[in-house]
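Have a look at the structure that comes next, please.
Think of it as A, B, C, D and E in the order they're written, each chain with its own count starting at 1.
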Amino acid sequence: MSILGLTYCPWSPIFWLLASAIVMIMAYFFRRRGQKKYKKDTAQTRIFLCGEEVPEAKQRHIRAHNVYWGFFETMKEYYDANIKAHTGIINDYIIWFLVLIAISAIILFIVG
Amino acid sequence: MSLNTIKRALWAYHINTGSCNGCDIEILAVLTPRYDVERFGIRLVGSPRHADVLLVTGPVARQMAPRLKRVYEQTPDPKVVIVVGSCGLEGGVFYESYNLVGPVDQIIPVDVYVPGCPPRPEAIIEAVAKAWVKLEQAEKQGVT
Amino acid sequence: MKNEEMETTYTIPVGPIHPALKEPIRLDLKVDGERIVDVDVVVGQVHRGIEWLGMNRNNPIQNIYLAERVCGICNISHPFAYVMAVEHAAGISPPERAEYIRAITAEMERIHSHLLWAGVAAHEIGFESVFYLVWRVREKIMDLIEYVTGNRVTKAMFQIGGVRRDITEEQFPRIRKTLDYYKSIFDQLKTVFLDDRTIRMRAKNVGVLKREDALKLLAVGPTARASGVAKDVRQDQAYSAYADLDIKAVTPDILTGSIVGDVYDRIIVRLLEIKQSMEIIERCLEEMPPGAILAEPKMAKVLNTLKKAEGEGVGRHEAPRGEVIHYVRLEAGRETLATWKIRAPTYVNLMSIPTILKGGQIADVPIAFASIDPCISCTNRAMVVDRKTNEKSIMTYEELHQLCVEKTRRLSNGLVK
Amino acid sequence: MDWSSNSYSLTTVAIVVGSIILALLGAFFGLLYRGIDRKLAAHMQGRIGPPIIQPFRDIRKLLAKESIIPDGGLSWLFQACPFICLVVSILLLTYIPVFGQRALLEGYGDLVLILYLLIIPSLALVVGGFASSSPFATVGAQREMVIMMSYEFPLAVAIIAIAWRISHVTDINPFIFSTVAQYPIWNQVGPVGVIGSLALLFTLLVVTPGEVAKVPFDIAEAETEIAGGLLVEYSGRNLALFYLADTIRAFVMVSLVVALFFPYNLSPVIGIGATAPAVIVDSLFFLLKVFLVMFISVILIRTAMARFKISQASYIYIIAMTLIGLVGLILIHVDMIV
Amino acid sequence: MEIVKILLKQLLQTPATNKFPAKYAPKSTIKFLDRIKKGELKLTPPIAVPPRFRGKISYNREKCTGCQLCLKVCPTKAIEFIPEEKKVKIFVARCCFCAQCVDICPVDALAMTDEFMLSSYDKYADELVVTK
């Protein structure tokens, strides 16, 4: 009952579903007005590749590696710095740890 | 389905099948402020899937023929094909060359021909108007 | 797992039918993420057999119009080089006034071509407003071209031994008016192109062609000049009316003081060349000598002379895209040309495409590719087709070299006879 | 418009009727504003441009075209994506106050929900792109994904900064639009805070073209680079759904900016008390506000800029816009201390 | 930013567009053309062509002597000779509008007109074959 309660709630799934259902029905009717026919299993359904012959699905598969490329490219400096920091030498990590503890101690000391 | 609905929102896709570029720049010129065909709802789109009009230029070089056919097939119906420029009509100065398989209407069905080498932008607009008339007549006769 | 499957790159074809390219050519891009690892340029889609037509079907006068349609944008440049080659071969010298008219039309074409390029470049980087702005400005020169030559695009001005149409005194004011308009608008264009932040973001350090590479890859025209190679046929081997005008090749350091060889520099070169062309036209108008415009006004006579003529000739012209060369050989008693060889500027500039694109992003492809102002229809004139099997094949370097040697031998034998 | 009546059935009916009306209005005004956008952009470029009702014609035309489903793609996913995109775009309208009224589902969803819902249309585009199995669409999809990840953070910063500032003024939940409307940000802050709020507004205005995929952030659809990008294989009614969703999304995004930064109504100012005239006046005022925001953040930006590269766009959002957003946040905070 | 200035300036100016043939697409083109024929509506004319414009070719059959010089220079083989009548026939669909035949014609039987709007549904339509 608390969900349906008309006091404030961050998200009411019931009303959300209700509204979605209405909108979906409307979108469905809109969609149904469209032309549904197309020429199945003809040359028409082949993907557009600048007019070239379409290679096999395997060849045009793009590996997931490429998906976040733009993101990596932007954050390159950040990642590079991070990778540099991770030297794999345990002494470095311990120094990081000690420095951080020292800094937090100072902050705690000042604030406290 | 109504052909009339298509008439005033023609999206065009431009295919060069080996033309000399003259017609292509005139097609681009048609979009620019002086002629501005966007006022008729025409705009150039990036994919034949979105297109209603194929603007074909050039005499169809051997390598381009299968590609032209493919793109024509990939364009959803109903569609209009306008051939711009004399070499797309009849080969123009390139007639009888060994590497041509055109003109365009031997590869795909053509609706409107625009002679000119290259045609003035207004002639291309007139061709669009001819295409409207054709669509309206087809609508009247109940052709889909 | 096989090594092949572990490959992280993929291939996307750009072209032959692609909105970034106004002409058919295929670039096979090997991409990692969006970084271009390798580029393969596949040409041959627009091959129309122009040289073959010129050697087998057409007489030299018909060839002028065929040469005009080698490329619709450089349709002064090709006939210009062609008629020079034929005149050279047949020993005809055009009257001086015709030379000036030729230069004026050629420079008008350069203005129109560079403006067209600027608009297309803006279109390629999604800057529609600049595309519209530039093409709106360009209509003025198109009107002028139509006024002077009778057609907006294909001008049909050239004739063996001169030009077909005179530029008369009453046409001067209109030409000057148009030039004044461009002068008044030039600074605005310059600011729009060179000071705009987004254009700088897209053009600076993109598609760099270093001076050494430009020399090595034999780049021509604005592409070479933007890389700091100050070569320009009008300067190096002045011909026609240019000989009187003392033209200096435009390099980007005139404006910026440094040469990077990127897309931005190519924009600078083209913009400055527009200004240079305006100055050339003005000087031509001032200094245009009176006289006839054709060495021989009767075309039937010209055809007869050419039929009887024997010899070979070369015509070179600095097209908006770079140097265009036509080689022509005439044989007595033959109506068509015995040999016709065209070397269009894009043909050599295409060699620098892989260098320009490598290391860039997919997003750089349209603008970097457009920055050499490619004219594919100029380029495609050779493909190997086995007539019997109708099979197309790509020849190896050695085979091609062998064929070249044989052909040269055949040609030189023909000459000796 | 009081939803806190104690009758559930009445609320249900109101929501049913309300969503139908909102869907229709959203579609209508979305397309209308797209028409205005195209017309004004054309005039700015020195052309006449299409008639304002052109987008309606485009939609009608697209419905008459064949809807091709390409080989190799997942057919059901390919068709479901535009559908989901449209549904969620309209659904967003029910949570955002439009036409100077309170949101239809006011109290049943807050700003955080909107942040979540805003992702879904972009996600639908991405999935649709991947489902088309065309390399162009894949490149477009990955670009859209990166853009989406990039603008999400500055968007969240801007929204949360406002809510956070308001939370210092009142005890009512600051994530509800009615609270935002009750305590407009400009009225709560001093001069330093105004600068901070301006920074936040700027952030949202720059995020808007990214969200609605317009130049300079239309990288995912870049026509000249990747042939229409993730929409390359869509045609007919599927494209029509995306087209409609796109226009509604633009309307939603601009309404969100208006609701967050300009929640003022005209009727109390000029003293119209009666309900019906007040609704009309407020609606018109709202449409004017939407127009102004859209003019600056969509029309002007899209005509005055070139398309960015994906790394540049991503940089602008992740680094520059986030920084500006954070500066705005700090300035608002400083304003409180001062 | 210079471009913003230009854009805002152009927003207030009248567009540079020449409204040929009408400002927007007419609802029914057939009716629109009918009304123009009846004189109820007026077309916005295209940009005027200059005096030396090369449009559709015109042919003066009487003047023609059948010398066939035009056939010799036509780069597109658009001109066909009719041996029985010693006259020619010109296919506009093939013409490249270079006007070389006009230049060479010894009796001035050929000329270029101003007509350039030539599009048609049939490339061999009567108006695209010049016989007189």
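Observations on the model:
Here is the rule we use: a residue touches a chain if its C-beta (ideal position, glycine included) is under 8 Å from a C-beta of that chain, and two chains touch if they have at least 3 such contacts.
Just so it is clear, the model here is predicted, and its values are computed rather than measured.
Between subunit C and subunit D, the least number of touch steps comes to 1.
Chains making contact with subunit A as well as with subunit E: B, C, D.
Annotation of subunit B and subunit E: jointly contacted by C, D, touch as defined at the top.
The chain with its Cα centroid farthest from the Cα centroid of subunit A is E. More C-beta pairs touch across one of A-C and C-E than the other; that pair is C-E. Here the CA centre of subunit B is 37 Å from the CA centre of subunit D.
For the pair subunit D and subunit E, the distance between C-alpha centroids works out to 49 Å.
Centre-to-centre, using mean CA coordinates, subunit A is 19 Å away from subunit D.
For the pair subunit A and subunit B, the distance between C-alpha centroids works out to 41 Å. Taken residue by residue, subunit E touches two or more other chains at 1, 3, 7, 15-17, 23-24, 47, 75-76, 96-98, whereas all remaining positions touch fewer. Within subunit A, the positions touching two or more other chains are listed as 35, 38, 44, 46, 48-52, 60, 62, 66, 69-70, 73.
With touch defined as above, residues shared between interfaces to two or more other chains in subunit C number as follows: 10-11, 16-19, 34, 65-66, 69, 129-130, 132-133, 136, 154, 196. Every pair of chains meeting the touch criterion is listed here: A-B, A-C, A-D, B-C, B-D, B-E, C-D, C-E, D-E. Considering their complex, residues 40, 42-49, 51, 300, 303-304 of subunit D touch subunit E.
Against subunit B, the residues of subunit E that register as touching in their complex are 15-18, 20-21, 23-25, 28-30, 33, 46-47, 75-77, 91-98, 116-123, 128. Listing the residues of subunit A that touch subunit D in their complex gives 4, 6, 8-12, 15-16, 18-20, 22-24, 26-28, 30-31, 33-39, 44-50, 54, 57, 60, 62, 66-71, 73-75. Per the touch definition, subunit B reaches subunit A in the complex via residues 1, 15, 47-49, 64, 67-68, 70-71, 73-74, 76.
Interface of subunit B with subunit D (complex): residues 1-3, 5-6, 8-9, 11, 32-33, 36, 38-41, 45-47, 49-50, 52, 74, 76-78.
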